[in-house]
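The next block holds one structure in the form of structure tokens; read it before the comments.
Per-chain numbering from 1; labels A, B, C and D assigned in written order.
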Amino acid sequence: MLNKNQIAQRLAQELQEGFYVNLGIGIPTLVANYIPAGLNVILQSENGLLGMGAFPWEGGEDPDLINAGKQTITTVPGSAFFDSAMSFGMIRAGKVDLTILGAMEVSETGDIANWKIPGKMVKGMGGAMDLVASAKNIIVAMMHTNPKGESKLLPQCVLPLTGVACVKKIVTELAVLEVTSEGFNLLERAPGVSVEEIVSKTAGKLTVNGDIPEMMI
Amino acid sequence: MLNKNQIAQRLAQELQEGFYVNLGIGIPTLVANYIPAGLNVILQSENGLLGMGAFPWEGGEDPDLINAGKQTITTVPGSAFFDSAMSFGMIRAGKVDLTILGAMEVSETGDIANWKIPGKMVKGMGGAMDLVASAKNIIVAMMHTNPKGESKLLPQCVLPLTGVACVKKIVTELAVLEVTSEGFNLLERAPGVSVEEIVSKTAGKLTVNGDIPEMMI
Amino acid sequence: MTKVFKNEQEVIDDLPDGAVVMLGGFGLCGIPENCIRALVAKGTKDLTCISNNAGVDDFGIGLMLQRRQVRKMIASYVGENAEFERQLLSGELEVELIPQGTLATRCLAAGYGMPAIFTPAGVGTEVGMGKEVRNFNGKDYLMEYAFEADYALVKAWKGDTAGNLVYRETARNFNPLMAMAAKITIAEVEELVPAGELDPDHIHTPGIYVHRIFQGRDYEKRIEQRTVRKKESNV
Amino acid sequence: MTKVFKNEQEVIDDLPDGAVVMLGGFGLCGIPENCIRALVAKGTKDLTCISNNAGVDDFGIGLMLQRRQVRKMIASYVGENAEFERQLLSGELEVELIPQGTLATRCLAAGYGMPAIFTPAGVGTEVGMGKEVRNFNGKDYLMEYAFEADYALVKAWKGDTAGNLVYRETARNFNPLMAMAAKITIAEVEELVPAGELDPDHIHTPGIYVHRIFQGRDYEKRIEQRTVRKKESNV
């Protein structure tokens, strides 16, 4: 079973040379720490920046320079600032190669719910609906089950949707799965995790074809 | 009867403090020469400039700096460059206060034709269709009649239209007219020109109310 | 006729109760601090605010919420403050949540004279309910309308007396879009310079979109999430 | 993986016959001289060119017309050259004329992932014939579609190795719009600098939109209408 940093490490394996990537709040943000040395990956922050860098050194914070999670950040050489319309324009036009974001639920048809829990204070969808509706490659990073132990990979989402049929892949503490026309398909298991455990914790339709390799972390 | 420079001079009287103005090719371009001293008028060139200045001094031409007529120009302090989408965006949004352009024909309902003569090589509408469809205040500068002596102020345009019901005012070598729900309405006559001459050279419906003053040039 | 105003009081003085007001900024980054301060002091009320966020309890739009000046909030992400939540739950405050890209593009549409735009954001979700859906090339899009706002309050880094604006880093965000989108645009800047001092190739908001401009003062520029790397003591 | 290419030959080498190609520039101002030179040398043909203008007889797209490389021209204003007129009248060349603002906004729509936009330009004229008309707030608009182009050839003043572009004066025009609008965007620049040398606040085209970049050479920058004021001899 992976911890959050290991999930981020596994997600980082999805990065390819030259990719423009948008990382959501939470585990996805940690992916930035595991970009392989020498791999040229450019991070997009939807509040108006391409070429996001690390957090600033103490004392180097600039209030004009934040990411979409409102955290102080830095830039890398070759960065560019732009307004929010251009930012979502490039997302909508499919120029961002990969979006990684968290979710409360994912359905076997790739629907995602991650913005609203009925009865709780609704904070809003921010840029999530734009990202999931537009990005060509969407990977969800989340825990396989909720705190009650219930599966978050469902036949269909119970919570209000953020986007429909958009998730391509899911990385959890237990497994890597892709979404196919047949539902979830198990690709990898976390070290020490059995296929049986993954099957038991996946409520949506799940196909398991042949031997399932362990993730390389 | 006015010459072209006098038409431009009369048009310049339509300018008001703080106006953003787009001047078309031909007589409208000459209006820039008659902006009253002290009046703050900003010229927009739809190829991407606010704050167009005079032609450059000989030797000072910059190939990167042209107006929509492709002439070398200069800028005034406070100018700004932008792309063609923003340029027509500000036109479409009604931010340009006044557009002055030439025409082949204007109808009594304010239709304008100025881009195409059937049977002749068609060069295109350039930005004219955008301007006439979008600008809130459109004044046409043209000769009252064509070279054959036929009126260019018609019940309806014969030539293919550039825009519908958009012209507010017309300044010719003979007269200033406005377009109302009653057709053309005569506002001013050129020095020495009689109302009868204007009536005889205006084919569209024309109202003449009371004494018609001479233009102040 | 000058666009230059003396201060924040003068510039918002005619902004009436009940107005629809856009406020630039993302979180607390690039918000019109001076204009908000003046609106709070004046007590202008029943406002409909269009802004990506609603500030925190004691800063930004949060200050206006504390004075109950906001009737309706149109935003993409809210609730960083307790007073907001209280007013929302008690029904004092109306809230309309809009996807962030839709919010931005509806501003752009207004500034570019386009009455409506198409976006896939929200298709198949409750955001799309009751809206026109249209398929282009096999993909569904929602038709969303351009905003109609009375005032835009934006914050730029530098501005000139012709109304041209330049923003700094991610403090740009919604500011240039809202600057284009309202009937009356009010810009506050950290540094106001004479026309001609800004490079015309690097104006973000051309002056044609800006009706009033003034030099702000006492910028706090509060940081919402201070995140830093600790310097290693042995470096 | 670098975006930096050696020269104009290398950068257009895979551009196939029959491609839909956008070319930046207004008149002869800000046109991709080097890319045009390479296309002429290579003889790529049956091209659909989307460009505001079509050059003059011996410069710009006019050079490609002379070699009969253009099958269809999509523009707002043409006919500054005799060969264009000859090919048009003889039926060798297909021409589609589009209002300039519509041309620009259809590029923007492609770059911003919006399948269609609404504009009043052309309503009630032959441009509107056969197109969907829609009324918003009492005014009619045409629905116009985003362009779909294979390549965009744009010219910038400066660029960096990350693909970021900066334009100069009115040579900007359609270049940033077309840079966003095509599947593959090729940028030629007068000066190519290492990533990090351009001010990130003043990038006109972020590198995400640019796939290939190279430093052009031998820019002629021909002036179409040289207009000057004569210096008074007594000054």
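Heads up, the rule we're going with is that a contact is a pair of C-beta atoms (placed from the backbone, for glycine too) under 8 Å apart; a residue touches a chain by one contact, two chains touch by 3 or more.
Computed from a predicted structure; not experimentally measured.
Engineer: Counting C-beta pairs in contact, does A-D beat A-C or the other way around?
Structural biologist: A-C
Engineer: Which one of the chains is farthest from chain A, going by Cα centres?
Structural biologist: Computed centres place B farthest from chain A.
Engineer: State, to the nearest whole Å, the distance from the C-alpha centre of chain B to the C-alpha centre of chain C.
Structural biologist: 37
Engineer: With chain centres taken as the means of their Cα atoms, state the distance from chain B to chain D in Å.
Structural biologist: Spacing between the chain centres: roughly 28 Å.
Engineer: Where in chain C do residues touch two or more other chains at once?
Structural biologist: In chain C, 105, 112-114, 119-120, 167-169, 172, 200-201 touch at least two other chains.
Engineer: Chain B: which residues touch two or more other chains?
Structural biologist: Residues 81-82, 85, 88-89, 91-92, 134 of chain B each touch two or more of the other chains.
Engineer: Can you give me every chain pair that touches, using the contact definition above?
Structural biologist: A-C, A-D, B-C, B-D, C-D
Engineer: Quick check: in the complex, which residue numbers of chain C touch chain D?
Structural biologist: Result: residues 105, 112-120, 136-137, 139, 141, 145, 166-169, 172, 199-202 of chain C touch chain D.
Engineer: Inside the complex, what are the residues of chain D that reach chain B?
Structural biologist: Chain D residues touching chain B: 26-30, 52, 75-80, 85, 88-89, 97, 99-105, 107-108, 119-127, 157, 167-177, 204, 221-231.
Engineer: Applying the document's contact rule, which stretches of chain B touch chain D when the two form their complex?
Structural biologist: For this pair, the touching residues of chain B are 45-49, 54-73, 81-85, 87-89, 91-92, 111, 121-130, 133-134, 160-164.
Engineer: Sort out for me which residues of chain D touch chain A in the complex.
Structural biologist: 1, 110-114, 160-162, 164, 180, 194-196, 200-201, 203, 206-209
Engineer: Quick check on the complex: what are the chain A residues that touch chain D?
Structural biologist: Residues 17-18, 20, 40, 42, 44, 50-51, 75, 77-82, 85-86, 88-96, 134 of chain A touch chain D in their complex.
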